[in-house]
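Have a look at the structure that comes next, please.
Order of writing sets the chain letters: A, B, C and D. Residues in each chain are counted from 1.
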Amino acid sequence: MIKKASEINETTPWQEMTVGGEIYEGGTAALVNTGDWRTYTPGFLAEKCTHCMLCIPYCPDSSIPVKDGKRQNFDLMHCKGCGICYKVCPMKAITFDKEGA
Amino acid sequence: MKDIVEIRWHGRGGQGAKTACLLLADVAFSSGKHVQGFPEYGPERMGAPITAYNRISHDRCTVHSNIYNPDYVVVVDETLLTSVDVTKGLKEDGAIIINSDKKPHELRPLLRGYQGKVYTIDARKISEETLGRNFPNTPMLAAAVKVSNVVDAEHFIQNMEASFKHKFASKPHVVAGNMNALRKSLEEVDAG
Amino acid sequence: MTIRDRLSGNEAVAYAMKQINPDVMGAFPITPSTEIPQYFATYVSNGEVDTEFVAVESEHSAMSTCIAAQAAGGRAITATSSCGMALMWELLYVASSARLPVTMALVNRALTGPININNDHSDSMGARDSGWIQIYSETNQEAYDNFIQAMPIGENKEVRLPVMVCQDGFITSHAVENIELLEDEKVKEFVGEYCPENYLLKKENPLAVGPYDISNYYMEHKKQQAEAMKNAKPVILSVAKKFEELSGRSYGLFEEVEMDDAEYALVIIGSSAGTAKEAIRRLRKEGKKVGLIKIRVFRPFPMEELAKALGHVKAVAVMDKAESFSACGGPLFAEVRSALYDLDHRPKAINYVYGLGGRDICVEDFAYIYDQLDEIVKTGKTGETYRHIGQRELGGGR
Amino acid sequence: MAYSLKKEVEKPERLVGGHRLCAGCGASIAVRGVLRALKPEDKAVITNATSCLEVSSFLYPFTAWQDSYIHSAFENAGATAGGAEAAYRVLKKKGKIDETFKFIAFGGDGGTYDIGLQSLSGAMERGHDMVYVCYDNEAYMNTGIQRSSSTPRFADATTTPVGTVIPGKPQNKKDLTAIIAAHNIPYAAQTTFISNFKDLHEKAEKAIYTEGPAFLNIMSPCPRGWRYDPENLAEICKAAVDTCVWPLYEIEYGVWKLNYEPKKKLPVEEFLKLQGRFKHMFKKGNEWMLEEAQNYVDQKWETLLARCK
């Protein structure tokens, strides 16, 4: 009867919501698309990247995945387009442009 | 003993009137009675006049108010007689027990016309003789038991001895001193 | 079977806590509840309980500690009074909305302005809408019994609400009276283990507690809470029934005294009910048909049950040991009169605010109140419904 | 083991994307930085004071936290973390839990320097095995940039607006790290986001894995409240450190240690000029403000150097 976070929305009756607003899973916010907040979008120039990883801890939105010691392309679903990564990249491997431009 | 006996204690903060009141409740409880023992609380500190109460009854007494017409009043410190109306509401067929080296008739003039029985006991003297220090509690407790008869005196002695033995297990001389104080007090209450 | 003893109300509650052996106690001293954490700290110091005793720097932190400890999967308790509970006020709502069955021993004391350390119910009545189950005690025995019943009530899966067990400051908290205690094992068995489904320290899955609830969710969660409070009523009764099997002492949502044929009734909470019982005993000897209802459970409020119990009386005086400054009556009056509304033949109802800040009320005062009810019925005139008793008045008064 | 950013960023994220903090918010950078110091096999209970971070990271039904999380109020994160930790100790003693849990509280400067200071002080004094992390953005950002006791002098905040008579906040910033250090706890430190996050990471690791209470104060810029373009966060943090406005230091069991001394201590203007909240200080006739701000930084820096000797 009680639903998982992914199944709870603004049409869920009180009987089916979790008691007291508890959530029994971690990281359910990952379901939320905050990427549409973005006006500027970072771009990844893989050929210039040395995988120094400096951009990663500066990202407030956990939008730069890492796999097998390699920085991957942006996870744009959560990227709000703050541009911090673009500024901290010493290799100019990140572009930062107006959305859709 | 009547169905219910109500006792009011007057003392000063830190003197042990509250402790004596709770001890009396203990003693009566041990003899199978229903008891209440409760002090009246305020912000006052050591030395301020304080009041404590006992209700001792055969059946449970449900009343939770203060006591306005006590059967007995116990005054632990005779200097209170001039400042506190200790006989207020005290039943004429009851009695007042005062810790003093004076005789009852000497104190009666201070009792605002109270006509009932007056008892005195020199708790300081007894305490100093038997315990070596001024602990008026034990003598006053004994006097209260003797006069109010809420507990049979023999039972009282036995019960207190057991309690002292438990409390002062490592100090047998203290037990003896306290027992002496009790016995002496039971004998030396002055009626008038 | 049972252990006969003589204890003050505070000792009795501390003893119940010891027998329960909770996981965490967060507490801060405030008169007149201070003795409870003091006694309990002694149990901790002597290794008689396993509890983590967190001697916090404020009541706010006491309740915060309890909330977190309970969410973490432990059983958490506290004790407080008056301004201490007022300082917790914000968190009372947090505990109930997060559905954490924290247990509080509340030793009722007047709220400051001006400061006063003596008893009335302004503290708990002020928190009556905070979502806590409220159980009141007349005696040290009831304080003990109610505290033992609190956890099985609050922790019930259909309830999951915090419980405050109230007793009157000094009047019972510091008064030594006879009491019958239960054996440790029996208490432990009765209260049982705390086994929440989800908790912060659970191995299998994390738990997130205390969300930001936007308007689209908030009301649904409040509706859940409201339902839980309704669910509490039968649970309180079934726990009481089990407790009776254990102890022989019977409890309901309220206690009725001489109500079967009563024409005049009081509705009252706490220790003064005992004083009123003595008045009833005396008046009954004079042939007067008087009775009383002592509210044990104020939250959830026994609305229908009260209406039923009062349906046949001619007049009722509702006794409030708290002001609500509504200019028309105290909190208990408002709710009792509301309960009477559904009756076809409603009794006349008046309110007495009494006992504020430790003002004593005695047997004669209750006799006077029954006289007033008699007067109302005889004249058919209720007169002023919002009355105070015990204060000095120009030209005398009661 | 020596710090390796490369290794650290391989760890799974414990604060996921999808939280509703502003673009470029320093708070989530601080949180990610701290949680990265947790061993992946250790579990955590996160406590959060009411704050931007709190209202943005657990909007029902979406929690950005992979770990167990509890928010209860604004002023009680210290006591809340302590309460969970007390339950952990007793449940562990009773054999009901065998995993290792760490207890980390996050609060903004409002919830830490101001309304939550009592609760924090109490928790530190009682010695709970926990870390309290302040993400310090120098004002009540959640309610709209009101001054806190952490707001620096002259800053333009909505309750200390720059007017014709009063030039922004009249008082200097409270030295909270020193106040917490005065509790004689095992570990206290302040840090921010610079270079490869080594300083932050090592401090977070020490704070988490030192037994007993620990405190981390992390300067976490707020683009909205400080009025700068979000992309400039790293530049501002570096300026704060190089001007000695926000020195990096730690106090281990009462021993003060400076972690970074700029080769050339930059004038305070280099930090102030990057932010709109200090704009009025650069107006003609307001040179005295810059001078007083510089004097204050110099005096605090000298005091710190003396303590770290």
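Here is the rule we use: a contact is a pair of C-beta atoms (placed from the backbone, for glycine too) under 8 Å apart; a residue touches a chain by one contact, two chains touch by 3 or more.
Keep in mind it's a predicted model, so treat the numbers as computed, not measured.
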Of A-C and A-D, whichever chain pair has more C-beta contact pairs: A-D
Centroid spacing, where centroids are CA-atom means, of chain A and chain C in whole angstrom: 50
Using the average of all C-alpha atoms in each chain as its centre, how far is it in Å between chain A and chain D? 23
How big is the gap, in whole Å, between where the Cα atoms of chain B centre and where those of chain D centre? 63
How far is the middle of chain C from the middle of chain D, if each middle is the mean of its Cα atoms, in Å? 43
Residue ranges of chain D touching at least 2 other chains are 58-61, 63, 65-67
Quick one: which residues in chain B touch 2 or more of the other chains? none
What parts of chain C, by residue number, touch at least two of the other chains? 98, 206-211, 213, 217
Graph of touching chains, which shape: line, ring, star, complete, other? other
Check the chains against each other and report every pair that touches. A-C, A-D, B-C, C-D
Give every residue of chain A touching chain D within the complex, in rising order. 5, 8, 17-18, 21, 23, 25-34, 37-38, 51-54, 56-63, 66, 69, 75, 77-84, 86-88, 96
Which residues of chain C touch chain B in their complex? 6, 31-32, 117-118, 138, 168, 170-172, 174-178, 271-275, 277-278, 360-363
Per the touch rule, the chain D residues reaching chain C in their complex are 43, 45, 47, 54-55, 58-61, 63, 65-73, 75-76, 78-84, 86-91, 93-94, 96-97, 99, 101, 118-119, 121-123, 125-126
In the complex formed with chain A, which residues of chain D make contact? 5-6, 8-10, 13, 15-29, 32-33, 36, 57-67, 193, 195-197, 223, 229-235
Within the complex, which stretch of chain C touches chain D? 23-24, 26, 50-52, 54-58, 60-62, 64-74, 76, 90-91, 94, 98, 200-203, 206-214, 217
